[in-house]
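Here's a structure for you.
Each chain carries a letter (A, B, C and D) given by its place in the written order, and its residues are counted from 1.
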């Protein structure tokens, strides 16, 4: 894990993240974000978290972002965004100020911190493998895991209810949400 | 270190070359086979038995002019074909196609990269394959393309669920996410996974057919409804890439199913010749898909979705539950019990479906609605 | 050679902070709710990055487990959020967040 | 074999799933057949396991099968693990065997019920829960079964929930059982706190290893567990639910409220024999409660006029017998009576069901009489049941009841007091059963013309079940021929007390019991134990006592015949002579009224007071006050509610920055 790889990959991640913020077109922004996520996944690999690496690609790039793209295409609203500020005047300035403050805090924290760890800990061979994570997940973190399943269930129910057309019973040939654009 | 690097490089290049050279042959094979099944002749002008036809096609496509239709999103339009092909090729990296061989006094795995989370890797990559279709459809700035892209992506997302659930059953049976380990566990069980996971195999067979966008599930490019779907606006080499991606995907899937269910490189009988049995199994599988394509008419889109969500997902959940329960309770006999239980479960699912169809037909005499429509 | 030196934890922290700030700024600036959503995802990812880095540098795998939880919650949030956006679009045929201010006090 | 033990409870569960999910789609015939077949499958597996158990050497007759770890946190471990030892084997065979017959009976009995599949789903669920109860190898899993059977009992009592009395009875059963279950739960927590484990094996080993020091704790635990047993097995003071439970369909009464579930308490006490023997005080309580309940319920049964209620009180009384035997330290006798009782009481209930079937669901015996002419099969089998429960040889009740009465005197904790209770109860039992049988099947027909017109014998499926159960009720006793009789008839050794010998590894021998008792109290203080030693081999005394019991029972039956057939008016005349006694018995000693006055009324009054005084004034005042205060304050903050999401986000971010800044300093 050297500075060179770190800088290159993190540079890619940051550049594409910038692409998300500045792209006029939402689909381009989504593509930038996918790229950024992939770069972050690579960073995970550098941090010997190979399971998280795969899950990151499968979940973020493979599922979540596809869902975004899907909805964008379903709604098919492109380039409606006019001036950045919109109806909330001064929003741009506020955002810049807050962003700068936040970043400044992060940098200052790191720069000041004497107790920042300078080198990675020694880790056993199976660190970050599915077995390792599974053991941690199903023993020490069992309760949060179960709660997560509840969250997912609630989200599923909520999404189904929301996406169904109001006032209409579900269509007889009910394709899942957004099966066909209307 | 250096040796490993070189070996990996050589393996990667070899695999790439072999898989890519499969493609024209498969195209020819499919055209010939489907023609034969439909009482036609098929390509027979170029070369013996028309063998050179795909090469002629390729040459034609490559030297064609690259057209950017007006109004397309240039960047995405340009990237989409690649994004449909790359995941398929990359997935091949973790597929083991033979037991390790010894070269120059060193053991070399017949696998580009032995990742210990190979199964997850493949699932992750196959989830990326959606981008090609969805971006192509959107960037073409064409109604039919967009519809095709949406259809394809919805279909692929939907069918990833039964695939994932079925693969998880295999993982339960193997106890590892490494594809090498999957093959080895089948050797140690003395029985290929197709028996203890018969229902999973059937589900995977159907789901991958949909995932590959092949007939009868090729709704994303149904020419009678939406011209050619998401690649309507593509031509020349870019179109060729979509086409190749489809076939590369098919080879990858065939290899994956071979590893997961058919004992990988192991010989069912006779000596174990490196690669031979693996190739035979892959081809058997591909031929099966071609046969399916030639046999079944295209389904309707709501039928496709109903099949995925109402039948395959519950069935694969049942399969997963049964596998888990039997592995926990069955102890050393688990695989044997599963072999019986899986077939019983498959028959049960079949009977339930049959009964459901029969009931629906009975409830609306004279009008037989499609299977799986409504509830 | 500085390029081969070990990366200290602070570098990861700064990178994570940078990504988080970009996400936050994007959320404040953009008016397309889908893009805003994506900015939230970016912020979550910045958090994940810090989790994984901490797990690696402290040698405790639990950090990676938390990433797992974050991803699950993110998936749930996206499902509901996008469903809300679709529902709103059906009603108003626009998805400019500044158009949605009925909750004004 | 080991690997298939789990199939025994799994099969009924499968039946539940099939009937609960697809039941309403399946043809009735299929849904009933599935329910019967899964229970029969369990029965076959249970018998197979039993045969295997017998094939093992006597000391090692136990099969463990750990299925999977269930709860594993910090210091607490519990597994889903099954145990098959002689005691479990007896229970499994009774539950599935009798259960199967009752399922078959229900095919005919419930044939016209609209909720047919649901009934069978409940019945299978009950069988599953009961099997889990008796197969569990730890207290926690046993508790799951314990609660499961309670739930099924509730569901099935209230099966015809359109009738208010039925749903009320279900709730009553559930609530009364809650009291008992609470005791059980507390006992379980105590066990875990003291022994650090809930596995039977671990707990009992520790108790047996150190009897002297643990006596006090174990006494507390045993009393708490016994509270659970009184709830489930309908003993004083928690018996009140069982008579009302007769609102359920008759097969339910037969299966749950006579043959199986109510015996769970006896099973539990027998299962914990080591602990109870280590706590003589608790054991005495068990015996006293059992003896009291036996007599008490029998007296009530004397005057009841509802055919099912007579049988319900009889069940309570017989359960009291079982507890009395356990309390005397002879657990095998209790379990033996449990088994024979399962046969003849199921038979009696199903016979009653058959009578009700013929009488268009009328249950009042004052309107019956002379039914033998129309219902010969039911009548004869009912007589078999009556003779069995009255303890007339050679029917099974004779053997088991005789053994209990003998044990109550000769057991390690026996006493002549218990013996007197036992004998008097036996006489009363014979009398009220004779009264019931004579009034229903003999004498002048008293039913209305309409009912008379409809009288018919039950369909073959029900009749055959009655016949099979009658055969069981007649012959089951020969499994356990007492040594004295065996000596007299020069029977081979292995026929003598075969059942007791088979069961003893699970519930202890006489010597073990005496040893444990002496160890726990320090020897000399147990006078009874010495007496028991002296009595053990006195055949003349045993025959003498047997003769007394027999004579009383036979006399009671003859008296019954005299009172209700020869001189039909005698009973009423007697009641007129002793109005106070009669009314007290008729009203079940006013115990329901007592509970209502002491527990229910004050509870409701308290609830009312809290509602009017506390809830309306204080709680609502606080809630409304908060709402008003919020409304006032929120008027100030409305300014910030711009409606623009991004403004809020900016606010959140600013807040975060502020917090970080504070933390950073």
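Rule of thumb we're sticking to: contacts are C-beta pairs under 8 Å (C-beta built on N, C-alpha and C of every residue); 3 or more make two chains touch, one makes a residue touch a chain.
Computed from a prediction, not measured in an experiment: that's the story for all the values here.
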Central chain (by mean CA position): D
More contacts between chains, A-B or B-D: A-B
Inter-centroid spacing, subunit D versus subunit A (mean Cα positions, whole Å): 58
Inter-centroid spacing, subunit C versus subunit B (mean Cα positions, whole Å): 33
CA centroid of subunit A to CA centroid of subunit B, Å: 28
Sequence positions of subunit B contacting 2 or more other chains: none
Residues of subunit D engaged with two or more neighbouring chains: 642, 644, 646, 650, 653
For subunit A, residues that touch 2 or more chains besides their own: 51, 55, 63, 67, 74, 86-88, 91, 94-95, 98, 102, 105, 109, 178
Category of the chain touch graph - line, ring, star, complete, other: other
In the complex with subunit B, residue positions of subunit D that touch it: 3, 6, 67-68
Parts of subunit A lying in touch with subunit D, wherever the complex brings them together: 86-88, 91, 94-95, 98, 101-102, 105, 108-109
Complex contacts: residues of subunit A adjacent to subunit C: 1-4, 6, 10, 13-14, 17-18, 20-21, 26, 29-30, 33, 36-37, 40, 43-44, 47-49, 51-52, 55-56, 59-60, 63-64, 67-68, 71-72, 74-75, 77, 80-81, 84, 86-88, 91-92, 94-96, 98-99, 102-103, 105-107, 109-111, 113, 116-123, 127-128, 132-133, 136-137, 140-141, 144-145, 148, 151-152, 154-156, 158-160, 162-163, 165-166, 177-178
Complex interface listing, subunit B residues touching subunit D: 328-331, 333
Residues of subunit C defined as touching subunit D within the complex: 24, 27-28, 31, 33, 36, 97-98, 100-105
